[in-house]
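Got some structures for you, see below.
Shared between the two complexes below is chain A, which pairs with chain B and chain C, respectively.
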Partner chain A sequence: MSERKIRVMVAKPGLDGHDRGARVLARCFRDAGFEVIYTGCHQTPEQCASAAIQEDVDMLGLSCLSGAHRYLFPQVAKLLKEQGADDIVLVGGGIIPDQDFQPLYDAGFKAIFTPGTPLDTIVDWIKTNVKPRS
Partner chain B sequence: MFTKELLDQSSLLRQKWEDEVRRTIEKNPDLKPRWTTVSDLEIKRLYTPEDIKDMDFARDIGYPGQFPFLRGNQVTGYRGKYWTFRMFSGMGTAAQTNERWHLLLKGGQTGLSTAFDFPTLMGYDTDSPKARGECGKCGVAIDTIEDFLTLVEGIPMDKISTSMTINPPATVLWAMYLATAQIKGIPLEKLAGTIQNDMLKEFIAQKTLMCPPEPSVKLISDTVEFGTKYVPKWNTISISGYHIREAGSTAVQELAFTLRDGMEYVEDVIRRKGLHVDEFAPRLSFFFNAHIDFFEEIAKLRAARRIWAKAMRDRYGSTNERSWWMRFHTQTAGCSLTAQQPYNNVVRTAVEALAAVLGGTQSLHTNSLDEVLCLPSDHAVEIALRTQQILAEETGVANTIDPLAGSYFVEALTNEMEEKAWEYIHKIDEMGGMIAAIEKGFPQMEIADAAYTFQKQIDAGEKVMVGVNKYISEKEYPIPFLEIDDSVELEQIERLNAVRRKRDSRKVRECLDDIRNACKKGENVMPYCIEAVKNYCTVQEICDVYREVYGEYRDPGLY
Partner chain C sequence: MVELGKKVMAGDVRSASRLIRNIEDNLPGAKQEIRKIFPYTGKAHVVGLTGPPGAGKSTLTDELIRCFRRKGKTVGVLAVDPSSPFTGGAILGDRIRMQRHAEDPGVFVRSLATRGTMGGLSKAAGDAIHVMDAMGKDIVMVETVGIGQQEVEIIHHAHTVLVVLVPGMGDEIQAIKAGVMEIGDIFVINKAHREGAGKLFKEITAMLDMGPREPGAWRPPIVMVESVAEPHEFERCVDELSDKIEAHYQYLVNTNQLGDRQRRRSLAEINAAVRDAILETVLRRLVADGELDRMVEKALNKESDPYTLAEQVAERYLGGSKASMPVAE
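Showing the complex of A and B:
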């Protein structure tokens, strides 16, 4: 039996439309051999969480550049937990000030990637830390 | 441009030089195999008269203030008036932004420019569940005309021009500006300013979305018609390439998609409103990015003026010189700035601003060094404004008009930008216009390709960003960080509720019904919007009517 591919979802919660990073990453993940679902902009935290559960993804990556990550990111983490889906690996990216990292880790985020991170660094991180869920 | 004798001479000398180049690089090879612009356009080692031999001086270059306006619209260049120093600003509440505006005006800024927060940009009130966490973060929060009155407190609206970066709810925010002027007793014909009001680039790049493309363009044509009749000094659309570029396009794509967007609006107003092109085209304005590749940007801006002049005259039969003018604002490239070693951003911004000036911009925003991390601090904004003032008044670049004209390289690159842009424009024509192209995802995917290629080149080290993939410092020097307190959201909701309590809710319903009817009948919504905002209808209440009548557009998430 061939090994299942890693399924990742890239999501844009909130009203922020800065989607260059999210779209570049979606394409990069596809080229890296992952199965990719990209939600498009303007998803509510509820939509992000339920889409991730319905699509049965192994990892959910949230992107936000507006500063609203402080509310939106933990909210998605909370919703996943409430629905028993906190085994989905949660990562975040965008313009995230250093002092916001720890609260996000505490909320359940496994990694935060900020501007300037090479694509390969993110792909390698996923290959090491995300396994297809059985 | 040149005599046959000169070209023969040039050709002979060139061959001799090429032989020497071959010999030299055998011993001393070039640093890299390809020399390209930031947009990956390959540049030759040297440009000569042969590269521009097909140009006709009068037809292709000419004089300032004369067709094809390659050398600028103004006959006196910057000597009569420097470009407008227009810094984009807005944060937190209307009162906080008003304070920043007074600071900028005191510092010598000559025009205002408003940044709204995401809920306002998308047509939601601060208390909408969709707005949670966003209030005041990336701009000022405006829910009702009460906020607007605070925003312009002490600003001489009849003397200073104001630009508002607002797109889906442009009719509403413009109505607030006009209603505020009326309340203050300022006649509409005295008002000068700009609303961005360019929805096509939202679908292509910026993604502040509300209704589908077709009705979005209808609302824009309403503003053009209203402005033409009642607010003649207002620029009703700022056709924007800035966001297209920030989303990762090349310079040529920015140029082509922006100008084709402009053509789409012209065609819609002519068809839908029955106006003659020369009745409204003089009030169309443009907005470009000034990216880090110095000559490519200058060439792009020069080409833009020539393409637009030709399009207006030859494609739309315009006979008014004012319609041929492409007037534009420029902003330095946010996407060229780095979070790493942020003080380097001052240098990048200065070079980009110089390119904008040499390209002949009418108005300029220079980014602050900290904008890649947060809203700009007072100090960072001051440095950015001073950068423009140093360029204008110390460096001498404003002394003479279009100083790079006649450069073999700059003219050849300008021609190349124009040719490549027309190829795109014709391709979009063949698709049935820009709305059809957007529905096919064409410009979106072209930009996605370019953005991905660039990122791959950065990761491979083929392109350099200092501090990011080369010359990385061990030690970072932290910068002060301006943050909008989360309490702003609660304050703003309280203000909104206070307005809701005091207003006449029967009147509010009537106003919204009037807008609904106007939408359904295809009437111009502007007079109804002005009435509605005067009666304290909120931004979202009016936008909900649009969403209800025209439907809601969702980002298809192409990548």
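Showing the complex of A and C:
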């Protein structure tokens, strides 16, 4: 009898050290029944990608408040692809201006959540769009 | 799930993590892949770390990774955290302390949620160790949940068990002593700059003095580890700890006790596997022919009781105690 669980990772690439939001999100994901790996702040794109692969997550959520998402987020997407792990659903969060959405979608991101998005909305999106892989 | 086992043995991280996942999720076919890698396991030195939450197990693990890597060894880490009994979700946070090794191809860190298993490990832990072993990791470190006295499951899996303690836990130590203290091959007094470190040292020493002493037997050393705030001292202490870990393995090899530990592990694994195999088969049949429902009715009406019902099931499906086992020619 199989017992599937959704596994997600929340990572903060870049230099900003404000991880209160990421921690709130991690708790909310746990309460939704997901297994959440939290990697902390100041992650390089390489660390984000290799941790996601080592943990076999179904979704990787990147959060960045410093504005460096333009470079860092696509970089993670590229690294995952290089390692054959582009089936991991990529989601971005943080202070991201509207004009940056399309380039991120083009880079492979499936959703972007900006501050103020209700947590329920994010959880519902995950439940609909992220499935445990087999 | 094509040939995961083969890829695991070639050292492929993605396949290894996937196979561990399939075991955790109890996917059909996962056991078959473990079967394939099993003959190639048994080479890794499995090191368990247990002790109360916040004692510094993850921080120590991170530093031990550095030591073992410097000695040219490859390292696997399994870090277990509890699942919420209410939602089934879990926050797996041990990895935060080890992220500096994320890009090192010689290090593979995998978090596991307990998913309701008691004893400080997850049910998948044993097979996850096999996977890392088959990948060729020289050392596999297993960090247990760390809730307290019931953390003894680790002795079924580890060759060397570290019990990590911190000064100033007050009476807590009394409770922990009862269960976990007996399983330690090495004791670590972490954050040894704190008040009470000397007292804790004396307490552990007194406890070890009470234990049986055969000549030549391993006397668990007590390693004091200074604060991480003093990086040089901290590094030196953990270097010493890593030497002790290796010395313990050497001791097991030299005294032919490594085999005893492997035997203990195999026995625990077979116990669990037999229970699973029989339970799954029997329960599936009981559900399929509606027998389980009828049994519940009988217990509810007090026509029978759970023990009698269980005995009847055993009799029927396993031939009971009187039935003779087929003997091999």
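Here is the rule we use: the second predicted complex is superposed on the first by the 133 of 134 C-alpha atoms of A that agree within 3 Å, B and C clash if a C-alpha of one lies under 4 Å from a C-alpha of the other, contacts with A are read in each partner's own complex, and residues count from 1 in each chain.
Keep this in mind: a contact is a pair of C-beta atoms (placed from the backbone, for glycine too) under 8 Å apart; a residue touches a chain by one contact, two chains touch by 3 or more.
None of these values were measured; they are calculated from a predicted model.
Participant: Overlaying the two complexes on chain A, which is it for chain B and chain C: clash or fit?
Facilitator: Superposition result for chain B and chain C: fit.
Participant: With the two structures laid over each other on chain A, which partner does A:67 touch: chain B (first), chain C (second), both, or neither?
Facilitator: first
Participant: Where does A:53 make contact in the superposed view: on chain B (first), on chain C (second), on both, or on neither?
Facilitator: The second partner, chain C, only.
Participant: Could you say whether A:89 touches chain B, chain C, both of them, or neither, answering first, second, both or neither?
Facilitator: neither
Participant: Does chain B (first) or chain C (second) touch A:4, or do both, or does neither?
Facilitator: In the superposition, A:4 contacts chain C only.
Participant: Taking the superposition on A as described, I'd like to know which of chain B and chain C A:27 touches: first, second, both or neither.
Facilitator: After superposition on chain A, A:27 lies in contact with both partners, chain B and chain C.
Participant: What is the contact status of A:79 with respect to chain B (first) and chain C (second): first, second, both, or neither?
Facilitator: neither
Participant: What angle, in steps of 10 degrees, lies at chain A between chain B and chain C when each chain is taken as its C-alpha centre?
Facilitator: 100
Participant: Which of the two partners, first being chain B and second being chain C, lies in contact with A:40: first, second, both, or neither?
Facilitator: A:40: touches chain B and chain C.
Participant: Scan A:16 for contacts with chain B and chain C and give back first, second, both or neither.
Facilitator: Touch partner of A:16: chain B, not chain C.
Participant: Using the superposition on chain A described above, determine whether A:126 touches chain B (first), chain C (second), both, or neither.
Facilitator: neither
Participant: Look across chain B and chain C in the superposition and give the shortest C-alpha distance you find, in Å.
Facilitator: So the smallest C-alpha gap separating chain B from chain C comes to 5 Å.
Participant: Pick out the shared contact residues on chain A: the ones touching chain B in one complex and chain C in the other.
Facilitator: 26-27, 38-40, 44
Participant: What residues of chain A sit close enough to touch chain C in their complex?
Facilitator: Listed in rising order, the residues of chain A that touch chain C are 1-5, 7, 26-27, 29-40, 43-44, 46-47, 50-51, 53-56, 83-85, 132-134.
Participant: Residues of chain A touching chain B in their complex?
Facilitator: Result: residues 14-20, 22-24, 26-28, 38-42, 44, 66-72, 75, 95, 97, 114-116, 118-120 of chain A touch chain B.
Participant: Within their complex, state which residues of chain C touch chain A.
Facilitator: Interface residues on the chain C side: 1, 13-14, 17-18, 20-22, 24-28, 83-84, 87-93, 95-96, 99, 102-103, 108-111, 113, 115, 280.
Participant: Looking at the complex, which residues from chain B come into contact with chain A?
Facilitator: Interface residues on chain B, with respect to chain A: 118-119, 121-122, 124, 129-134, 137-138, 202, 206-209, 246-248, 335, 338-340, 372-374, 448, 451-452, 455-456, 458-459, 465, 468-469, 481, 483-484, 486, 554-559.
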